[in-house]
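Each chain carries a letter (A, B, C and D) given by its place in the written order, and its residues are counted from 1.
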Amino acid sequence: MKSYETVEDLPDGPLAALEAVVNTGSWRTFRPVIDRAACTKCNVCWKFCPDVAISLDGEGFPVVSLEACKGCGICAEECKPGAITLVAEE
Amino acid sequence: MARLTIPEPELMRSGHAACPGCGSTLGMRYLLKGLGSDVVMTIPACCWTVIGLPFPYTVLNVPMLDTAFETTAASMSGLRAAADALGMKDVTVVGWAGDGGTADIGLQALSGMLERRTDGIYVMYDNEAYMNTGIQRSGATPFGAWTTTTPIGVAGRGKAEPKKDIMGIVAAHQPAYAATVNVAFPEDFVKKVQKAKGIHGPRFLHVLAPCPPGWRFPPEKSIDLGRLATDTNMFPLFEIEGTTYKITRKLGKAKPVSEYLKVQGRFAHMTPEEVAELQAQVDARWKRLLALEAIG
Amino acid sequence: METAARFVIEIRFHGRGGQGAVLAAELLAQAAFLEGKHPQSFPFFGVERRGAPVTAFSRIDDKPIAVRTSITDPDLVVVLDPSLLKAINVTGGLKRDGLLIANSAKPPEELEKVFGGRIATVDAREIALAHGLGSKATPIVNTAMLGALAQAGGVVRLESVLRAIEKFVPAKRAENMAAATDAAKAIRFLAKVVA
Amino acid sequence: MPQVVISGNSAQAYAAKLARVQVVPAYPITPQTTIIEKIADFVASGEMKAQYVKVESEHSAMAAGISAAALGARVYTASSSQGLLLMHELLHWASGARTPIVMGVANRAVAPPLSIWTDHTDTISQRDTGWIQLYAESGQEVVDTVLVAFRVAEHPEILLPAMVAEDGFYLTHTVEPVDVPTQEQADRFLPPRKTSGLLTPGVAGRYGSYIGPDLHMEFRAKVAEAMARVPRIFAMAEEEYRRITKRDHGGPMPLYRCDDADAVLVTMGTATTTARSVVDAMRDKGEKVGLAKLRMFRPFPADQVRELASIVDRIGILDRSFTFGATGAAHTEIAATLYGSPHRPMLRDFIAGLGGRDITPQTVTHMFESLLNGRGPEIEWVGLKRRTEVIGYG
């Protein structure tokens, strides 16, 4: 994806096309930790994540991207089996 | 692993600038899961102007055209006309705007677009105030709610007027399809989006988008609150096709509105009498909705 | 006659949305004004989102402030959120003999890799939570940091900070005043003297 | 060349048809309405394959035009007076978004007092919006200038919207013989617009994002640079149009009998025609006067104005609008342009024809005589009544 080094590279009008590289992970003060033993792979956490920070690995376990997660806590709140706990960032 | 209950492909990426727990990002995520990628979207000044990230970044995998605050629906008509002129037959033209941008400043353009039967889907994500400018009341703010322009004081008791009945206004235009959707019910949300996509003509979706900083509740409660909004009949889920109504979620007995209010700081000041007034408004609207459905 | 020494002091606040960085700058202006000085405080508006980096500025002088531009080489940088020390270049432009005051549980020596000049730290988060200011997720540390700033000297007296809090802080005035007082006591300066 | 007797408004509609415009957002307002009515007929009869978008306000007309152009379609719309003012927010938007929309503007006074009659207050008040502004004197000039406007607006070095203004009633509703180019000529001159590709369905890309202080100025500078290139591209376009149709209208500010003139009057729009006849009449009586027709107001033709100042030392400006607290806009611009010029002609600002007040040969003759004898104020509201004779509207 072309980035804009000089003004000449800029398009005529504000056409933005670059993928987001903003690391919103630094916003959080708590991060979700998933206890795989308790996790039933029901993908509810994946479904309700506002930041698309949870992906599902080959076995169907949720994996949290620490670049994206803002620590809102919805996944922990909605996790029926209570397999997700919020841990304070150091 | 349990089967996914909504489509897997993500057309909204991570890294957007929404507040933690923002309901509107789930709304965008489910909308695009339902529509797929053959979309061109236009958005006015609203939270998403900022959420979608500044130049040179974009956080959606579909094209997005910024437009002026009042013009979402007119911008849609222009996109549809151009798409038809340029032979982009299958593209779905989508407008994505906030409650203020739709029910207040953009209402005239919305009415024009519905009346001229523009073939597109206008989606209003409703966080119930002008949130991007810092929580000022809009026509869609619920009765009694605190905002920075409806403060609480000796002479201020939050919003004095009931929430503007946007679906009622839209229904008056006999849309090809209109529906309320709630991020707490993703399956229903996506199903209605897919249904809307299959219908031609002017379509409208009213999305409830819980807003932690604006409604004053902890971010992890967004989904709980979404459920409570519907289950207390504050935000009923229903569809309209032409003039026929169909309620898509009916509980035996609705929960009291107070259950929904108590989790939110914006209602913390409400006296029992004020809660009762809101409950009466909600009950009246629910009764009318049942009646409208009964007409068939 | 001594040339008109440059008495103006320029301060940059770094925080995250919801932590009160902008209010900190404004309170500092109120405090300076109470001491008969000429203050000027302003935020840099960007993406004001809970958690997103926010910057605010203050100028304090003995005569009316003569400029209206952003502050690029501050005398003092006040960092309300320790995670910002890694996330963004908080000390950009900070004068060589300037002072970095950071809300951090660590001693100032541990921040020497961040800035080569004078450093002070105070665990404002701990102090704020002890006085019930904000939540664990978003502690409100602005008044504590102003107390620490007063202690650093040369800007405003602690007493003016307390009076400003009393007059202008919308809620929990007593707790905020206590937090400022505690932070003034708890601030730790870099032991070695910097050239 | 098929000569037809048509109005200025019809000339706008013919030009839109010939340009194979693809999207026409339409909203009525006197005196522009018969443009969009004529286009509606063209579309209904199948002569014009445009998407006719029946909007509910001028504000929405421009919004729909911008989004259609952003997706890549060729867009034409039209408005007047209050409607143009309602569009103001989006006129800025259209130039910032580099959408090459062409708009016909039927000049009309601005209320209150409410007036459906002509003057230039509406388009002049929009001179800062980043639109190219061209003023036409005749139906012929309208049809030719709208086609040239599309060619310039869509040029990759320009990509700016353009207004082609015509005086209400004195031109919009005045029928006269016009040599309408053939479709073949129009196609040769104006190829189809290649889609801008700014927005492509299914492809990530956001058009119009917000930008902080770090890059906003650079995008505004790009608009300024594009506007500065207009004169060169406009000259090229008019030259090619002349090759194809044998007609051109003399560039940004064509001169008439100015070489040995003692006094020249600068005019815009239909007053030009009348002034030209007064020049001939006074020349016949030995008065050496001339005329400068200010066709392009944005970008302002500074070179041509300095050139004029080098050959004549008395210049009168007929402003058919007035900027309260200052002078007429054309006068202000000409005075500013001449500040740096070695030539310092006497300048006079004549405010005339507001609210449709007729600019008669006598009015123009008075202006020339005032220039020649050097008497009279620097700014003069010509023909301002003392005794009000309100015409009965019975």
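Just so we're on the same page, contacts are C-beta pairs under 8 Å (C-beta built on N, C-alpha and C of every residue); 3 or more make two chains touch, one makes a residue touch a chain.
Keep in mind that what you see is a predicted model, and the values were worked out from it rather than measured.
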- [ ] From the Cα centroids, identify the chain that ends up most central relative to all protein Cα atoms.
- [x] B
Task: CA centroid of chain B to CA centroid of chain D, Å - done: 43
Open item on the list: Using Cα averages as centroids, what's the distance between chain A and chain B in whole Å?
Closed with: 24
Task: Interchain centroid distance [CA atoms averaged], chain A/chain C, Å - done: 32
Task: Whole-Å separation of chain centres (CA-atom averages), chain B against chain C - done: 40
- [ ] Specify, in ascending order, the residues of chain C that touch 2 or more different other chains.
- [x] 49-52, 137
TODO: Quick one: which residues in chain D touch 2 or more of the other chains?
DONE: 204-209, 211-212, 215
Task: Overlap residues in chain A, where contacts from two or more other chains coincide - done: 14, 16-17, 19, 23-24, 27-28, 70-71
Task: All chain pairs that touch each other - done: A-B, A-C, A-D, B-C, B-D
Task: In the complex, chain D residues that touch chain A - done: 96-98, 159, 198, 204-209, 211, 215, 218-219, 221-222, 226
- [ ] Provide the residue numbers of chain A that touch chain D in the complex, in ascending order.
- [x] 7, 10, 12-17, 19
- [ ] Over in the complex, which chain C residues touch chain B? Could you list them?
- [x] 17-18, 47-52, 137
Task: For the chain C and chain A complex, residues of the former touching the latter - done: 16, 49-52, 83, 86-87, 136-138
Open item on the list: Under the stated contact criterion, what part of chain A meets chain C in this complex?
Closed with: 23-24, 26-30, 70-71, 88-89
